[in-house]
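The first chain written gets the first letter, and so on, giving A, B, C, D, E and F; residue counts start at 1 in each chain.
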């Protein structure tokens, strides 16, 4: 399923889901969630793979592999928090492919751990952008972030 | 694919799945997975709540809350590893409610963090036992653990 | 020094620093840096303090304090990475108060750990926004993030 | 107390301790202990060494070494918790070689970190099985685990 | 090897080990060990308990308990590393109570986690000083630390 | 600025700063700080690089690189804690180059992560010794450590 179809589907589902009641949900830590956290770590993986390809020094490559492993793990952690705690049953109307999207994204993060192919990191970024779209489509940005004040 | 379609598809696949070929999957870390890891941490949460109820000392209760938080986090970590890396698309025939089961179990672990009600910890244990059943039904025990040698 | 003065000072310093040569710098992990990481954790602290004030349950408050401690620690970690690895001597022309800014921000994060006063969390957000301004003034956004592709 | 006095005191105490009284012991986290936690991580080391031998790709091997290091560290952590907190002076009658067993097992885990020889991982599994036998011989299974309910 | 055989074997080995040969031992991480690491964390526990007694604010006390838990855990970690990796069979002649000393010190660290009694933290410091004496008596200072150069 | 000049400058500044009022500062964790923590981890990096040079085995070298990464990260962590929490504005009279010293030391720790040159680890040790001198010059040893009792 392309991202476009998914977004169209989400929009339609949004219109067609009048009876889903969004109950106030107060959890701790805090109710602050943002897929940007996963994105930043996935960008690290992307750049590490770029640098790995450009540098054949054995010690450099060992560091690159070890650090990529950690970064991809952080991607998974941030994705898991979103799936466990931000997304709730009332969002399934807006994001019908929610579970599959997160499953794919996490499996892709596992793949990036094992891979030195830039296309794998690129696909991970795309999946995180789909998660970001789902977060925005469900009002995540307005509901969870603290508004930045401008002078 | 909508969630509805996904569930129907899964149910159909379940009936029609004689030819699902389980391909060997070689990942690192290692291919060793066992829901017992999540179960042990969830038992800790269960016993911590029992002890919390039996002891009104403020310092004791602070420790209990703080340690339960960590243990429930480890439950989630172990569940996530199973969902990301052990379970694969070919298992959806055998476990059609796979995603929902893991979503519920993780949400229950979040609830246990916030709760001092033993029933919440009990429900978490039950959900982990469902995960355990899914792991066994898909051959997890034979395929992932190293056989113990007996004299 | 107010943010405004600091920005004016930075702009002037930028014009007056013609001979600082920005050498390419290739480090690992990856060269991806963004103060947004610190901001998100600091927003968690902010919301935790809000929720703490609104809920007198002892177990809830224990969790709030313990989780705020961790979140403020992550703020510090993300600030440290920016200060250690993103900012370099050639940026001191553009951001003459760099060290003091990071020292203040980190000391404020320590204060937020110990505080249940929302004003302390608000001041931390402001200091992180100053760090964000310094990162942008030195080209951080263009140089370190992977560009998001739009369809 | 000087080291010398301490040694004399320990020797005397050893001779004079015929009637160890088993007092009830209530500790936090929770009183849940199981050598299965150490066993699962040690099985990971075992399988990682198997896979390392079968794959000469440099990036794969780097990951294998780095992950084995972490897994062996978790083995040690789980062994330490058992030794520090589960086993008590009253168990020394049943398990007279307790300290030596844990010392050997931990030293073997250190060896597995450095080794790519499957026999080293096998020996670690055997030592953990000895720990498991000691845990069972002292009633660990009945006293520390939450009983699984069957329908 | 069964537990029983292992116990017999250990007992025999104990009787038959008059001439322990000290072999050079080169391990990674690095061969740098110092009980000062455990001591510093234990001093933190000591001072936290002092401050806890002097401050009845609930939020302060929650932080004190949570941070003491972490610090006592670091004490245990540093003790474990010394016991696992620095001390070797050839040191048992010089430090015959080695295992008991580490067992007591670790059990005392567990006690400090649960305690707000300064005497418990004081006893932990004393036990760590005994460990320090054992480390010095076996040449630890000369063999493991890098010599500080003086001008 | 050389360490010598820095120390002279610090001494002069100390004499010339009569109006800096050292206010009592009570923070948690505990007020225990010691640059020895950073020094010990930096010595690990030093010895790891020595051993790396002496051993060409690929698996050994992978472990060396991965462990050095962790140790250098701990150096940074311990330096950061000193800079954030031990040093306060009233110390700037005594240690006028405080910020630059910590910035250099942290940048050197980043360099040690990437380097297999012993001179880099040596320079890190020297910078930590400068931090140690600054800690002593500001009374850190007397004010933060718990006095060891001698029999």
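In the analysis below, a contact is a pair of C-beta atoms (placed from the backbone, for glycine too) under 8 Å apart; a residue touches a chain by one contact, two chains touch by 3 or more.
Quick caveat, the model's predicted, so the values are computed rather than measured.
*Asks:* Average the CA atoms of each chain to get its centre, and name the chain whose centre is farthest from that of subunit A.
*Replies:* Using the mean of the C-alpha atoms as each chain's centre, the farthest one from subunit A is E.
*Asks:* Taking each chain's centre as its mean C-alpha position, how far apart are subunit C and subunit E in Å?
*Replies:* 38
*Asks:* Using mean CA coordinates as chain centres, what's the gap between subunit C and subunit F in Å?
*Replies:* That pair's centroid distance is 23 Å.
*Asks:* Where in subunit D do residues touch two or more of the other chains?
*Replies:* 2, 28, 58, 60, 62-63, 66-67, 113-114, in rising order.
*Asks:* If every chain is a node and every touching pair an edge, decide which shape results: line, ring, star, complete or other.
*Replies:* Chain contacts: none of line, ring, star or complete; other.
*Asks:* Between which chains does touch occur?
*Replies:* A-B, A-C, A-D, A-F, B-C, B-D, B-E, C-E, C-F, D-E, D-F, E-F
*Asks:* State the interface residues of subunit A toward subunit F in the complex, per the touch definition above.
*Replies:* Counting only subunit A, the residues touching subunit F are 58-60, 62-63, 66-67.
*Asks:* Under the touch definition given earlier, write down the residues of subunit F that touch subunit C in their complex.
*Replies:* Touch residues, subunit F against subunit C: 27-28, 76, 80, 83-85, 99-100, 103, 106-107, 109-110, 113-114.
*Asks:* Subunit C touches which residues of subunit A in the complex?
*Replies:* It is residues 3-4, 26, 28-32, 34, 36-37, 40, 43-48, 51, 60, 63-64, 67, 71, 125, 129, 145-146, 148, 151 of subunit A that touch subunit C.
*Asks:* Within the complex, which stretch of subunit A touches subunit D?
*Replies:* Those residues of subunit A that touch subunit D are 58, 61-62, 65-66, 69, 113-114, 116.
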